[in-house]
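Provided herewith is a single structure, encoded as structure tokens, for subsequent inquiry.
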Amino acid sequence: MIGTLKDGVQATAIAIILERKEGTTKTGNAYLDLTLGDKSGSLECKLWGYTPELHGELKEGSVVNVHLTVSTYNGRLQGKIGTISPSSEDPRKLVKGTRFDPDAIAAEVMAYVNQFTEPMTKKVAEELLAADWESFKQIPAAVGNHNNWPGGLLEHVWSMCRIGSFVADHYKKLYKVPFSKDKVMFGIICHDLGKIVEYETDGVTIKYAPEGVLVPHIVSAIGWIYSRANAWYQKNPDVMTKAEFVCERNQLVHIVASHHGKEEWGSPVKPATLEAVLVHHIDNLDSKFMHALGLIEGRPGSLKGFSEPSKTEKTSYMLYNAE
Amino acid sequence: MIGTLKDGVQATAIAIILERKEGTTKTGNAYLDLTLGDKSGSLECKLWGYTPELHGELKEGSVVNVHLTVSTYNGRLQGKIGTISPSSEDPRKLVKGTRFDPDAIAAEVMAYVNQFTEPMTKKVAEELLAADWESFKQIPAAVGNHNNWPGGLLEHVWSMCRIGSFVADHYKKLYKVPFSKDKVMFGIICHDLGKIVEYETDGVTIKYAPEGVLVPHIVSAIGWIYSRANAWYQKNPDVMTKAEFVCERNQLVHIVASHHGKEEWGSPVKPATLEAVLVHHIDNLDSKFMHALGLIEGRPGSLKGFSEPSKTEKTSYMLYNAE
Amino acid sequence: MIGTLKDGVQATAIAIILERKEGTTKTGNAYLDLTLGDKSGSLECKLWGYTPELHGELKEGSVVNVHLTVSTYNGRLQGKIGTISPSSEDPRKLVKGTRFDPDAIAAEVMAYVNQFTEPMTKKVAEELLAADWESFKQIPAAVGNHNNWPGGLLEHVWSMCRIGSFVADHYKKLYKVPFSKDKVMFGIICHDLGKIVEYETDGVTIKYAPEGVLVPHIVSAIGWIYSRANAWYQKNPDVMTKAEFVCERNQLVHIVASHHGKEEWGSPVKPATLEAVLVHHIDNLDSKFMHALGLIEGRPGSLKGFSEPSKTEKTSYMLYNAE
Amino acid sequence: MIGTLKDGVQATAIAIILERKEGTTKTGNAYLDLTLGDKSGSLECKLWGYTPELHGELKEGSVVNVHLTVSTYNGRLQGKIGTISPSSEDPRKLVKGTRFDPDAIAAEVMAYVNQFTEPMTKKVAEELLAADWESFKQIPAAVGNHNNWPGGLLEHVWSMCRIGSFVADHYKKLYKVPFSKDKVMFGIICHDLGKIVEYETDGVTIKYAPEGVLVPHIVSAIGWIYSRANAWYQKNPDVMTKAEFVCERNQLVHIVASHHGKEEWGSPVKPATLEAVLVHHIDNLDSKFMHALGLIEGRPGSLKGFSEPSKTEKTSYMLYNAE
Amino acid sequence: MIGTLKDGVQATAIAIILERKEGTTKTGNAYLDLTLGDKSGSLECKLWGYTPELHGELKEGSVVNVHLTVSTYNGRLQGKIGTISPSSEDPRKLVKGTRFDPDAIAAEVMAYVNQFTEPMTKKVAEELLAADWESFKQIPAAVGNHNNWPGGLLEHVWSMCRIGSFVADHYKKLYKVPFSKDKVMFGIICHDLGKIVEYETDGVTIKYAPEGVLVPHIVSAIGWIYSRANAWYQKNPDVMTKAEFVCERNQLVHIVASHHGKEEWGSPVKPATLEAVLVHHIDNLDSKFMHALGLIEGRPGSLKGFSEPSKTEKTSYMLYNAE
Amino acid sequence: MIGTLKDGVQATAIAIILERKEGTTKTGNAYLDLTLGDKSGSLECKLWGYTPELHGELKEGSVVNVHLTVSTYNGRLQGKIGTISPSSEDPRKLVKGTRFDPDAIAAEVMAYVNQFTEPMTKKVAEELLAADWESFKQIPAAVGNHNNWPGGLLEHVWSMCRIGSFVADHYKKLYKVPFSKDKVMFGIICHDLGKIVEYETDGVTIKYAPEGVLVPHIVSAIGWIYSRANAWYQKNPDVMTKAEFVCERNQLVHIVASHHGKEEWGSPVKPATLEAVLVHHIDNLDSKFMHALGLIEGRPGSLKGFSEPSKTEKTSYMLYNAE
């Protein structure tokens, strides 16, 4: 509902405080700049004459009952808060997240793992997912670039799974080359798992975690796969020779290590297997499509019919009218 | 059969002359370095004591009956030609081309066009294909990078069509965004059409054409789409307003102009519509997969289990054993 | 006169509103930040206690009679508006434009075209100019880089014409190489014509047009030259063979397509004819000279004796004292 | 002695075959191009009229007794082999290696580890070195760039240890900042350990190993440190909290992962601790000094007083006369 | 003391005005934003109701007695000035500078020069230092990157001298290569001397000088060394031949000209002598260590346990707890 | 005449030996690969059965009487030498040089200097030219890129003078900006003077000089201008103040130091005066035009109607038919 308020209306709403900044007028009165949001979108609001005693702490991430008046200021909608008070509503019900059912799409991703026929590939994937199953469903795929909402990583992985499954079948059928579809799906599912420790979320707000400065997600994931695969082989030394194990483990590590595609994009090695080539390009396809879609679904830019410009891609995107 | 000859055998074959270099020994005798090939592969051969009077001209692209002895020289197979004489065999039957039936896959591509519902998009695509239908089926997708065989462009376009159709449906279903699947398919089918004048082929040998130095394929295609679309609107002014026409034409031009993705990769504009984003990334996916596959199917490199290194990607690719 | 006002004076002026931003003081009173300008320069002004009822709409691009007091605020001049009211003055008479007579310099440019001896080159140039003659005289050469004023493109083209005519004669005389001076002049005159649809101007304010996001000026111009040249040859098939026509048309297209000099600077092809080499470098020379001159003629920077730094060239420029 | 032979001499020598290429003269006679070497240097030689039956296999890495005549050919010394026969000499005694005593300098490196006071840092370093102690002493630091001889990695690490120990003390004393000297020395000693599986050597010849294509040395080392550190903490859970352990382990991983300094140089993360900054720059200093020294000690280039040009650094280096 | 003030305290202090900005409230009252500092750090303060008559000019670089109240505003400490009046304290006693005794470390640097055995190298170094001895002790090593305080260049040179002396001895001992330690130390001491005219300081405030726009420090130093060396040889023609002199002079010029290491980092030539290689890498080591240390000693960043991000290095640095 | 020999002819010629390589056939006979040339061009020739006793030394740069037979080998003309003997002809009369009269164009360049009105600019230019007048007339502008023949630098400077004089007048007239035409011409004349010590020529053969490795031409010229200008001011202290002198000298140094335009192109500073902007762009224009012209006048490339590809510009250039 916050996202659909129009100029001139007065409204009562339950909303989550997404951002909070305190200010003081020149005459010495405190005020708050609050960004309020719910599933429908967000609105920047002013609370004049703020006093903690009267209004409470109004922390980021808390839920409030609010009455506000909407007007246009310098061409953008702004809310002026009349009354505001704490609400007991669960913030997770209000925050914008993936538009799909996390449990359903997580189950679909898990179903791909269940079909794996390579025992080590299957076991490592299962363990990695099991170790952080709840985080995996909550973490975003990025902060501010694409799929940057709770559940965004899962949504990105799920979309890639559907495309990757089709594309792997397509090439195996056309060119009869015996690459491993298991490894393609492993790479798709695990490529960004390290973001579980690179970001922090409580399901409502999202931040970078300090851990990611020293070990970004590609580094963590290399370490995790090495450890899990080594442990698996210690328990299953008869499944394959040592040399075969090393080759298999290195392929799993390689797909994840190379998924950014180039050294200057943060991968310490370039894709050198067909599986790694596919994972890199399908990741790129879904990331860039979702990045563009995010801008298209956001606020219009200053050029009529185009989105705000993308900072990373250095272009605006054409808007689409409803069908 | 040329591609399956082994060390030590003597063989009689019908083959096409793919490359020809003339040399003179220090003692003044002429010889030829001939690369002979058929559908199964190619072999570098020596013809000692060459005389035009005796052996004929032996031009590139001509077919010969040859008797040769195969040996290993510095770790590579080499043929020593005993007798060689012109053959009346049609060279097109011997040359390695797409491994698919060109007429069948061209028909599949045409079927996508037949389903277009946007009249201008459909008409422009039809005219562009009709104007160069035979060339479209013969030209390679590249000289020396991927799909570099007669029919390679068609094969690349067809593979992209299948992936693109799936991916466009996938995103339209998931995200309900009204982008145009017609334009995605138009972009896939037409993105490299300019190569018809950038390369020259007689179905046997393939070369760059001088025309491509001044107007590479992206430039030609921009001009063609402009001209065809303008002509269509002159005949169909009632289908849409002038402004709508300009917007529609610009979108078609844009998808083709931006398909390399970045200025430094030769596109004068970056993808700025969802259709253009999809076409660029699906082109990239298929090109890079086919580039890696080409190396994997070629001669092994010096590192055991890996292909020769890619000059453009600066990595070798892991080889796969038969399933 | 706006550009010559000094600290402490009170003045009455007729000025154009170049920029307008609305604000509200903390005590709830509206005010306007107006940038007023005339041919002599511009000044940032404050209008306290703004009410639409009292002051009118005060839109960007409109002309006003104004009384103001000039003072220094944080080291910069600022006007405080006393009274302000609409004026019936034609804004085009007030706006800063090219310092030359547009009709005179346009005529000089046209005179070069009149001397062309190559019929197709002449016809295409004439048609392109005729189609947008008024726009050609009004559009800037850039938004914010060089010649960024109404008439700026024409001024840039005219300056390049004089230099290009000299340079082409110079090299033809010294090195006896039969390149085409007509094509050099064609390239100079048409290289940036696509900006006519990349920018929007009413002769007073200048903005990017949405059209330029999908088809930047190099892409438009490729399409235009293709269409015009094809149409010319359809009517004049006897002037040259088809192959000659293709070669001639491609050269015209090439000069414009390559005028940025490199792929990373937005050209889909590098200059590959002497004409294209000359056009690229003369464009570069005039653009960079005018860019530096614009900074030198603007506000001084923080380093004594130097201009404000150039964002694109990453240097400041030395100031010159009057002769 | 091979490295000191002069033009015109005849000599008998025991030498190792470093490179071997087989050729055939136009008249059909086989010959070998052999590069022979011993500790003093190497010489390119010709063996005319080679027959396996007569001369034996003459494999790379084998030792031979040889009689040869030295002459100048196109300005370079060349040996013409008279007689050649297998020798039972141990090739490892003949090959050029580090100019220092490997056991002595390895002991000095180990002594640094023995002084570590951080238990996990010490244990992980000890285990990594113990696991590949002999390889560590044999492997080169690079193939063809610097320290590219058996024992080269050890020599590079030892030189860095001496500099790093001084520099760490220097900064700790001057700036009182409590970074960990143990971690600096750990980083120096372990930064290139992954090369043990990236290269293959038998102490005589050196090659890239296929394993390095999928997991270059930075990737291997990340995996190794993760596994070893995790195992250590499982056995020593009381030494520190889980959070402290994660932080300590991440720092060790980080130093090695970031030692190339930038993403485009192959590190998935930039140095973000003082220890990592020091290790990267000391590695750079020693690598570049040794690279220049290697060229200076090699053959003179075509410019008088300068070395052959460096392919990576794109300069020649000034030669020095003996003191 | 300014740097140690805490939230809630009232304090009286003597401080230097590091930055000054004037503002006006919406109700027309003037105020000042003053950054006050002393050796212990700095604090942003507000002076409401500023009038020059009452408070004096309060220029940048002047010293004041101030009474202030410290509070937290948007998470950062801020001072509210009660009373403020001019102080007669010498500003140089208050400004943050090198933490070492400038005279002592300058003497240590000079002692290295005194040991030079090459007469020209020694004379040129002595003259360059003598010509600007006081400036050399006052100038920073950079504006805003590392050692950006009065005396910072001297401190940087001194630290490099200690490291460089060790490293030069280390390599001379290990590899017996007769490079010149005198020239290494000359390069270390003189590499940034041109900053004496690239920056301006009065020992309190530091700014870029206009002169540096046309002749940055590498260009000035090239000119100075040329002139000084030429003059020395005119007086000492018997010490060496003309050719030897040219070679020696060029080496001195080269070390300084190449110390940034690459053309894109501002050096017109890459290091091509061992001395130049060492100077470049030791400069890099000390600059980057001090840059990281400066951030670590500054305000913490938004990620717990890490500094604010470096603009040039694009990473944050891990913080260290006190020992 | 060498440059006009056709396939099948036998001819007697006087020619200069431009390149010489010695070889041995597999049967042990020596031969020479000689590139012979005169003003009309060059031809690669074979001298079979070479013996120093019979044929003499045949050094590079010497002149010979030769009888040869011309044939086509692999599509290129080749001469087979019959008899060859030393000639007493002056090699300077035979070598290809500038197509203009060096004395005439040098006088024209000098005439520009004579018109300078700024005393220091004039004196420094005169001294620099006088110091190396003969070298200035002989040196090429580049080795292998453009104007790479004896006299090439002079020809390049002269062409730039004519263009620069026109362009400086053009901009001064149009924009009334008081930049210094003297300094533009100074920059044009002196920008590459350092090449006098970067290259070595005896008027016949051209090579890089070792000196250029340490001090490339931009570095030398900075030193020279500093020294000359300082010396001038010592003798003429009354002409301007010290500050004015420093500013004037820095401008002269700056134009030369910045003429490559960017750091990555070898300039330690970017053009920051209008004079420097003009010199950089006019240098670029003439260099790139002459580079393209050199390829166009050379051998045709493999694409019909186009030159061999440029290694630096990465394009071929369209050929022109005679007028």
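To keep things simple, chains are lettered A, B, C, D, E and F as they appear, and every chain counts its residues starting from 1.
What we mean here is this: a residue touches a chain if its C-beta (ideal position, glycine included) is under 8 Å from a C-beta of that chain, and two chains touch if they have at least 3 such contacts.
All values reported here derive from a predicted model rather than from experimental measurement.
Engineer: Would you pick out the chains that touch chain A and also touch chain D?
Structural biologist: Chains that touch both chain A and chain D, as defined above, are B, E.
Engineer: Report the chain whose CA-based centre is farthest from the CA-based centre of chain A.
Structural biologist: Using the mean of the C-alpha atoms as each chain's centre, the farthest one from chain A is F.
Engineer: Tally the contacting C-beta pairs at the B-D interface and at the B-C interface, and name the larger one.
Structural biologist: B-C
Engineer: Repeat of A-D among E-F, C-E or A-B, where over half of the residue-numbered contact pairs coincide, is which pair?
Structural biologist: Checking each pair in E-F, C-E or A-B, only one repeats A-D, namely E-F.
Engineer: Determine the centre-to-centre distance between chain B and chain E, using the mean Cα coordinates as centres, and give it in whole Å.
Structural biologist: Averaging C-alpha atoms per chain gives centres 59 Å apart.
Engineer: Please work out the Cα centroid separation of chain D and chain E, and write it as a whole number of Å.
Structural biologist: Chain centres of chain D and chain E, defined by C-alpha means, are spaced 38 Å apart.
Engineer: At which residue positions does chain E touch at least two other chains?
Structural biologist: Expected reply: 26-27, 213-214, 251, 269, 272-273, 306, 315-316, 318.
Engineer: Each pair of chains that touch: what are they?
Structural biologist: A-B, A-C, A-D, A-E, B-C, B-D, B-F, C-E, C-F, D-E, D-F, E-F
Engineer: Applying the document's contact rule, which stretches of chain F touch chain E when the two form their complex?
Structural biologist: 211, 213-216, 218-219, 222-227, 230, 246, 250-251, 253-254, 257, 263-269, 272-273
Engineer: Flag every residue of chain E that touches chain A in the complex, lowest number first.
Structural biologist: 25-27, 29, 73-74, 303-306, 315-316, 318
Engineer: Write out the stretch or stretches of chain F touching chain D in their complex.
Structural biologist: 21-24, 26-27, 208-210, 213-214
Engineer: Note which residues of chain A are touching chain B in the complex, please.
Structural biologist: 159, 162-163, 166-167, 170-171, 174-179, 251, 269-274, 277-278, 281-282, 284-285, 288-289, 292-293, 296-297, 306, 313-318, 320-323
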